[in-house]
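Following are the structures in question.
Heads up, the next two complexes both have chain A, just with different partners, chain B and then chain C.
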Partner chain A sequence: MDEIKPILSAENLVHTYGVGTPFEKTAVDGVSVDIFPNDYIGVIGHTGSGKSTFIQHLNGLIKPTGGTLRFQGEDIWQKGYDLKSLRFRVGMVFQYPEHQLFEETVEKDIGFGPKNMGLSAEEISERVHAAAEFAGIPEKLLSKSPFDLSGGQKRRVAIAGIMAMRPEIIILDEPTAGLDPKGREEILSGIKEYHEREHAAVILVSHSMEDIARNAQKVMVMHRGKLEMFAPVRDVFRRADRLREIGLDVPQITGILLRLKEQGYDVDSSLYSVDEVAELILHMRNK
Partner chain B sequence: MIKDITLGQYFPGNSLIHRLDPRMKIILLLLYMVVLFMASGWVAYLLLTAVTVFLMLLSRIPVKLYLRGLRPLLIIICFTALLNIFYTSGEVLVQFWVFKITKEGLFNAAYMILRILMLVIATSMLTYTTSPIVLTGGLESLLSPLRVLRIPVHEFSMMMTMALRFIPTLLEETDKIISAQKARGADFESGNLIRRVKALTPVLIPLFVSAFRRAEELATAMECRGYTGEGKNRSRFVQYRLCLRDYASLLFVVGLGAAVFFTDFLPF
Partner chain C sequence: MSIVSVNHLVFRYREKGEDVLKDLSFEVEPGEFVAVLGHNGSGKSTLAKMFNGILCPTSGSVIVDGLDVSSEESVSELRKTVGMVFQNPDNQLVSTIVEEDVAFSLENQGVPYEEMRRRVDEAIAAVGMSEYATHATHKLSGGQKQRVAIAGVIVSEPKLLVLDEPTAMLDPQGRKEVMEIVRKLNASGITVLMITHYMDEAAQADRILVINNGEILLDGSPHYVFQNGGLLKSVGLDVPQSTELMFMLRKEGLRVPLSVLTVEECFHVLEDVLAGRVEQDG
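And then the complex of A and B:
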């Protein structure tokens, strides 16, 4: 079997802000991570743990002050590397992405990325419609002004704007912040669909342990700029004590299991899906 | 990035100068400028230079920062110095072609350089040691007599405070929008001027939208808390009160002025 190569790999990445000023601060401190095609990685960490700074390195928006970042084996900061086309392949959805909308119509706004890629009009139109479908934007909204939409719709338009570039990796910084449960679900299922259909890697930064538990395969835990853990979801949420120590938490469902364990029940606390746990509890009751 | 620009620079600290009443600081700066322009003769300049250096040390702001503030003025300083060297008549020291360098010219040039340096240093000292909010508060209090002339002093100072408050916020926002559009392949660096200006549309539109949104939210939030502009009974949370150090510093600057004035009568 062929060895699968990482699509993106960070090696001992360091980023220090304001070098030589009184405000000097190391936001990312020696992070090494390999990201493979088809990965769905959740990133969690307390506010100010360096998550946002870290992910902005991944498409070359900020230059690391130390360490290297390779995309398909090539150092992206070597001389002559085409950063612009890297950004089409590593799509980045910022926090509150709806604040970046500017075009007259939703269709044009989603098409901004593909247009910058220099694609033909038909290709752009095809991609815009496909991306709108992923993001759950009804056809009739495409001709509207993005400023007339609701908050949740705007958010989806902004995410579609990235998906339309068909990136091989899509990075999302808290895409569900400030949305209602239905809005969250719609966005997360759109991302999942993109992940599955396009075989793209997804990196999802979130404060919601539930969202991470339900969607991600692996979790990166950042703490004070360092990579505290990087493991499959199950293994990360098993370490509830450490997570709580660094100001994070486990999904509610894991919390319930831990409480059961404290009460002396013999349960496997590494389960994290509601269905699994429901089955377990029913099973215990019937015993 | 844009964040590195420090606007209306303020460097928090706890020196004697930081703690002075902002109103007194503004008045002292004005007085100090008057004294600077009164000065004539090397004794006065020596005295003023010594005092300025003393104040710089007292403010506990790194001297490097003061020097950085002077850098943009380098050309003006050199230019004035040259003009003074060549266009002052008096005892000729060197002469070549149509140029004459006089002893008086050299002195004048030196005085002029010192005067500009001290002027800039004193002004930067005010902004370095006073936060913008406190500065506008002090300014409002000093200008409040103008209310008699129906000038809306309070509204102006509130506008200024808010503008200053939102400079860093908008800079940060600009930074974020630029990054977001770059992530979609926007190109701000290549092409001719017209192309580059056009390339800014995806930044400017979201920026305006967010500025207006913020303004509206802020206005609503202020109204919710009962803000109606200058009312008769509007009081302030921070009450400025002059204390010993303020009077002492006033005395110091007035004393300095008197000393500079009397150097004129010295026999040398």
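And then the complex of A and C:
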């Protein structure tokens, strides 16, 4: 039997800023984690918990001051490693990515990454159209200037630009910040579709526990630079007290179950979707 | 008398452009906490910019505490009456030290030192940041920065506080901190108008205005507004998860109330359901 190997793994990763200065600060402190193809991982942690510093290691944007990061088993900081092609394979969508649009047309902007990969014109065009579809960008917008689009559309163009490189892992830092519920849903469903159709791993950093609950399979909880928890969504939201202690929360629906449990009702407080809870309540009532 | 009076407000950015706000009329009473909901592009941020004269109506009028926002003469008075807080705290902080930042507007107004000292201390205390008064602003968390930005606004003792998505960039802890401060300021008498995308924050207001395509779609208490879950969803908004749960139980014939917003309210309804105190159709 073939063992499934992690696509990306961090081994005891450490990152200390300003070593030897009075401002020395360890932002990532010994994080070890294996990410497998097809994983959908949510990353939560309050501001300053080290999650942004951590994810910037994953495509070699910053070099760890300790520990190792491996992509498909190979240390990405070993001599002669091709970091440039790693960045095509591990796509990173930063916060407010729409600030990084710059081309004359939406089509050129989405095609910028594939062009840098040295692909043929046909291949670029094929990828641009596929990525636009994932990101929910209508064909007719492709010839427009990205600067004439709404905020939510610009954000989708920026995400499509990363998807067009067909990364095997896509990392998104707060992709839905500042969007309304419908805009959030459109972006998240596009990411899910990419994840399912391209069998790509997704790493989603979000402050919204509801978004994490609805989309991720596993959750990394960062606290003071350390990996506080790394477990399936259910097991993480079961620990509401600890999450609240470290400035996080659980989805409202989980909070309601916890309240019932506190009052002695025998409920499974690891449920986190509204459908599941409605079903549970009906079932308990009819017993 | 109303503190805000919006009468047949129409606004477009370009003369021949589309109307972003179309014939809006509403009043806000002193001491009210009003949340404004609407999808991206609904016109709600444009509306927010009317209250202190950043933008002026194309037609119709906006009167705040007796001041017409379109009138040149009232602008400086208006800026003292209306405090504005925006999404990104980093764009609003001007000094490197907390108390200096909070004092900035008073220094510009030439307020005497003794009075300035007192008002700065009070404003910093009101947002719970006293122990950070002499700290560097860049070292604060997002929630703390936003609280300092709020202190920098309330130090001018505004009657109306307008917040445009003040929590959009904050983590759950930061959001909680900011919402607590906003509620506290409101309880102390400041009228609050807050734009948000978070349904749970809107649920904490006295009243919700839902704006869609530059028009008022719904106007009423959170309980009233969130009962219209279908309508909200049709315009790209949502309801809190507790309300959604009630809608689902209703579909199964349980006669639960739809206006359930908080964990506590929902818990009590579920207790009734489980104890068989709620009737089921069919």
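General observations
In this text, the second predicted complex is superposed on the first by the 285 of 287 C-alpha atoms of A that agree within 3 Å, B and C clash if a C-alpha of one lies under 4 Å from a C-alpha of the other, contacts with A are read in each partner's own complex, and residues count from 1 in each chain.
Here, contacts are C-beta pairs under 8 Å (C-beta built on N, C-alpha and C of every residue); 3 or more make two chains touch, one makes a residue touch a chain.
These figures come from a predicted structure and were not determined experimentally.
Legend: residue contacts after superposition of the two complexes on their common chain; A:88 is shown touching chain B, with no touch to chain C. Once chain A of one complex is fitted onto chain A of the other, the partner contacts of A:113 are limited to chain B, with no touch recorded for chain C.
By the document's definition of touching, neither partner reaches A:126: not chain B, not chain C.
Applying the stated contact rule after C-alpha superposition, one finds that A:100 touches chain B and leaves chain C untouched. Looking at the superposition, the partner that touches the larger set of chain A residues, chain B or chain C, turns out to be C. By the touch criterion defined above, A:47 lies against chain C but remains apart from chain B after alignment on the C-alpha atoms of chain A.
Once the two complexes are laid over each other on the shared chain, residue contacts for A:147 go to chain B alone; chain C is not touched.
In the superposed model, A:193 makes contact with neither chain B nor chain C.
In the overlay built on the shared chain, the residue A:256 is in contact with chain C alone; chain B does not reach it. Counting contacts by the rule stated earlier, no residue of chain A appears in both its interface with chain B and its interface with chain C.
Of all residues in chain C, those touching chain A in their complex are 38-41, 87, 141-143, 165, 168-175, 197, 199-200, 236-238, 240-242, 244-245, 248-249, 252, 254, 263-264, 266-267, 270-271, 273-274, 276. The touching residues of chain A, when paired with chain C in their complex, are 45-48, 150-152, 177-183, 207, 209-210, 247-249, 251-253, 255-256, 259-260, 263, 265, 274-275, 277-278, 281-282, 284-285.
Residue ranges of chain A in contact with chain B, taken from their complex: 18, 56, 59, 61, 84, 87-88, 91-92, 94, 97, 99-102, 112-113, 116-117, 147, 161-162, 165. Note for the complex: chain B touches chain A at residues 4, 173, 176-177, 179-187, 201-202, 205-206, 209-210.
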